[in-house]
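First chain written, first letter: the chains are A, B, C and D, and each begins at residue 1.
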Amino acid sequence: MELETYNIPVNVGFSVPVRANRDSNPDGTIVNVTGVKIGGNEVVVIAGPCSIESSEQLYETAKVVKQGGARIMRGGAFKPRTSPYSFQGLGEEGLKIMRHVGDETGLPIVTEVMDTRHMEMVADYADMLQIGSRNMHNYPLLKEAGLVNKPILLKRGMMATIEEFLLAAEYILNQGNTQVVLCERGIRTFETTTRNTLDLNAVPVLKRLTHLPVIVDPSHGTGVRWIVPSMAKAAIASGADGLIVEVHYKPETALSDGNQSLYPEEFGPLMTDLKKIALAIGRDLPLP
Amino acid sequence: MELETYNIPVNVGFSVPVRANRDSNPDGTIVNVTGVKIGGNEVVVIAGPCSIESSEQLYETAKVVKQGGARIMRGGAFKPRTSPYSFQGLGEEGLKIMRHVGDETGLPIVTEVMDTRHMEMVADYADMLQIGSRNMHNYPLLKEAGLVNKPILLKRGMMATIEEFLLAAEYILNQGNTQVVLCERGIRTFETTTRNTLDLNAVPVLKRLTHLPVIVDPSHGTGVRWIVPSMAKAAIASGADGLIVEVHYKPETALSDGNQSLYPEEFGPLMTDLKKIALAIGRDLPLP
Amino acid sequence: MELETYNIPVNVGFSVPVRANRDSNPDGTIVNVTGVKIGGNEVVVIAGPCSIESSEQLYETAKVVKQGGARIMRGGAFKPRTSPYSFQGLGEEGLKIMRHVGDETGLPIVTEVMDTRHMEMVADYADMLQIGSRNMHNYPLLKEAGLVNKPILLKRGMMATIEEFLLAAEYILNQGNTQVVLCERGIRTFETTTRNTLDLNAVPVLKRLTHLPVIVDPSHGTGVRWIVPSMAKAAIASGADGLIVEVHYKPETALSDGNQSLYPEEFGPLMTDLKKIALAIGRDLPLP
Amino acid sequence: MELETYNIPVNVGFSVPVRANRDSNPDGTIVNVTGVKIGGNEVVVIAGPCSIESSEQLYETAKVVKQGGARIMRGGAFKPRTSPYSFQGLGEEGLKIMRHVGDETGLPIVTEVMDTRHMEMVADYADMLQIGSRNMHNYPLLKEAGLVNKPILLKRGMMATIEEFLLAAEYILNQGNTQVVLCERGIRTFETTTRNTLDLNAVPVLKRLTHLPVIVDPSHGTGVRWIVPSMAKAAIASGADGLIVEVHYKPETALSDGNQSLYPEEFGPLMTDLKKIALAIGRDLPLP
């Protein structure tokens, strides 16, 4: 899809909200995460573990993803777990580890915030704040995210329509924070072979309707390690501005999402493959 | 379904969490909302408007629902609206109106809380706190609800499995608050004629798996006023311990959910019909 | 819902096709299955095994369901099985058994037809022909069903919208066969605790949009024996004109659907309960 | 995904049926459609209109798609339309037109068969027979397809799980016809912006579980013309062995699916883009 196609009027059955609407910024928004630009011609890969578990785990994983070409590191300190008896994350201790590893490696860091009471604290440590799938409909949280001075990674609710996704972004934009990246991460369907159904249709649709950058999470979108590389390639081919991928230095020991985390030795070759796809569609993915 | 059927072991493909599990209280929990008991032989109907809009609106509606036989009044002061440009609720001002109307009419009141920062304040005004569908996966909010000294009405996420619903209740129970009522309110499917698909299968399933009371919201479960009475009757027949129904004194002027709110003159006849169903299955629904 | 409510115009977002439209027969169609009338004030229960397995099995089950108050017997000779290695039905041999048992017990019989080439043969044996969920979109089969001189039981596709369901009926009506009964039997959703999600919302919606009788299949709609009674009651309360229920004289030996088939001793008590619900909503369910 | 990954055992929660199972032919099946090989290193594109409408329409469209690099022509003579009042296809007259245009252009032709009674006739005209999404669960049709001496294009049911899809293929394979190509064409979800949700996760999953070739239909998988190119590229990147794309010489006049059919001038540039993706993943897509 060429940029000029954005000018063709489309009928998607609803009104795109005014601030998220591509019309309000036809050239597209570039989101700047402490120097890393998302939304330009270069595809950006965010990588790291699901949860921050220890200094060693995060540091070893960070080295791997940096070496592979990731530009931003992910990792969760506050984890929205389905069961109250699952590991809930290290909390502020995890944020401290993450900040330290980010400073050591030079990788900006993105981490999830789940509670309005933690917004300021998380913003003090992180370069980018994630609002996760389970909180896409958490409007007080979205409003707070609109008041913070950090870019926001907004994941699509697993049950959210594209219209609702855009309206969630509008909640943030409407408070004044214009640095929002959208992330398709799979929706819930009747299919049970995969954890979610990655809705790549959403990528060209969102790129057309909004000026905000759009990235894809093939880890949650599949839930299965060996499917991740295929869908990572497909996501870039579909026009995504980037990816967020789970990598763990020892997936079989992970406290969460081990089944969908790539092994360290898988990450580099995947990045090489992704660069080829990026070039094939006229973009780039610079590698170290 | 007789009580003894609860003793037959069932295989539902997952482990019911320990505190929500019926095994932990085989006779079933009775939740006491300022004197109104949910979970016993009597079916309890909660009714009122979607949003609190004014003293007059709430008071006039409260009189109608009380006269019809509702035992608890509903009404929202903090509204989780899909669009940031929709009416967001009156906030604390709405809570004050609600408390006043509750005191005037003698009806206990239930209202939604969306933000951990508001938990205490809302608990100061309300007799029961609702955690809405969009926040069923909001774990910090669930944990706070587990620490408050008021009964909780937990609505099923619109795309939550029954397993996830039980685990959300477990988050509350695990903090020490055992006064939790579950509410089936429709799930999201491909069908577009109705706003949601009311999953009444969930009623007998939940009654078997957990000791917590189970009620049904036929207003959100259908989204269409003229379907509400049929599904209210079906819900009681399926074994629900109660209903939560939207009624508005002037639906066509409602600031939210007018299309699914009953007219005042529809509520009384519906209650008469519901009583017949309750009696037909060996329960009761006392009317004034 | 009273009959007069059918006169209130409704907007469901699509045009109801002309022959299925309630406007074309506001008083509602009565479908006559060899003397048993579906669509009138009396609720009709169809019962029997999933598959015809033997003379003994069918005859013993038929006696049970007749004694309990069923008015029509169900049983499959041609079975649409997901796996080619599953029992595929006895074919014409099964039809002969069914005709014989029907004649012995005086119960009209309904059985599924899956192949346009078998339409005439099946019509020679059966009193009513079923088009199953997997064939609701099989338009050549629907057209043939429109040309046969027997009433049709059309089941909703497991992922068919209400609009598509009405259009499938229209295929039959448009060929001249006006004796069509619609059957809600559960739709496919993300929920996995139950085999399907029984969409009882569809009952009042269909009753309003079309003049055709509407029945419910709580066996396929739940997939679990112990949920069937609750949903059978809910279906009658929602306004269904009847039910189709799986009963097997020895469910644990059934060649198909044993898990959702009622035991013989469960059927009679269920019918007694259903009659109470029918009376509570102003209808009847005459028992022997 | 490299071929060797097929050797890693995977747990998908069900048993892959024996004949469809990759274990029964680890190197993968090549399906030969009158000389065009699907399943090898070269990506194959099938293109043409939804319905055959006239000689002129088909011939003009065929020239365009051949010139663009399509290797097989698609077009429907028997159309499974949701409404009985929609254009139902030209029937055998359409098949004659298609055969003639195929012979003129040298393109093998694939067309849908919907009725067991037509299997032989359609096989007389076509090079490949399509079983459409609405008939994936039509087991008598699958069995007949297993007896015919032509390759089969089996589309995934819009409501079918991957397990059911493999079992549908097994019905064909089990009758002796081993020339089966699977086609992902979008599944039905709650999202309404697109006609279906294209499930590209299914491509790597199917490639791993079965030896049969897998292609993708981005036209039905999106339902919107301007989304087709992005998803066509994504499909190739995900590992699909080919595509089936709707192209019409005058989409605005099409009797079916005009909204999702590419304009003639869009097809050539798309093919050039697709070749780049194919090369980027180590495959090829030879162009004229």
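Here is the rule we go by: a contact is a pair of C-beta atoms (placed from the backbone, for glycine too) under 8 Å apart; a residue touches a chain by one contact, two chains touch by 3 or more.
These numbers were taken from a predicted model, which means no experiment stands behind them.
Copy of C-D's interface among A-C, B-D or A-B, judged by over half the contact pairs being the same?
Match found for C-D within A-C, B-D or A-B: A-B.
Could you tell me which pair, A-B or B-C, is linked by more C-beta pairs in contact?
B-C
Take the average of all CA coordinates in chain A, do the same for chain C, and state the distance between these two points in whole angstrom.
Roughly 48 Å, centre to centre.
Using Cα averages as centroids, what's the distance between chain B and chain C in whole Å?
Distance between chain centres, rounded to whole Å: 33 Å.
Could you put a whole-Å number on the gap between the CA centroids of chain A and chain B?
Their C-alpha centroids are separated by 35 Å.
Would you please write down the residue numbers of chain A that are in contact with two or more other chains?
159, 188-190, 192
Which residues of chain D touch chain A in the complex?
1, 5, 8, 10, 12-14, 159, 161-163, 187, 189-194, 197-205, 208, 221-222, 224, 226-227, 229-231, 233-239, 273, 276-277, 279-281
Where on chain D does chain B make contact in their complex?
Listed in rising order, the residues of chain D that touch chain B are 188-190, 192.
If we count contacts the way the header does, which residues on chain C are in touch with chain D in the complex?
Residues 17, 80-85, 88, 114-117, 134-135, 137-140, 143, 157-159, 164, 167, 170-171, 174, 188 of chain C touch chain D in their complex.
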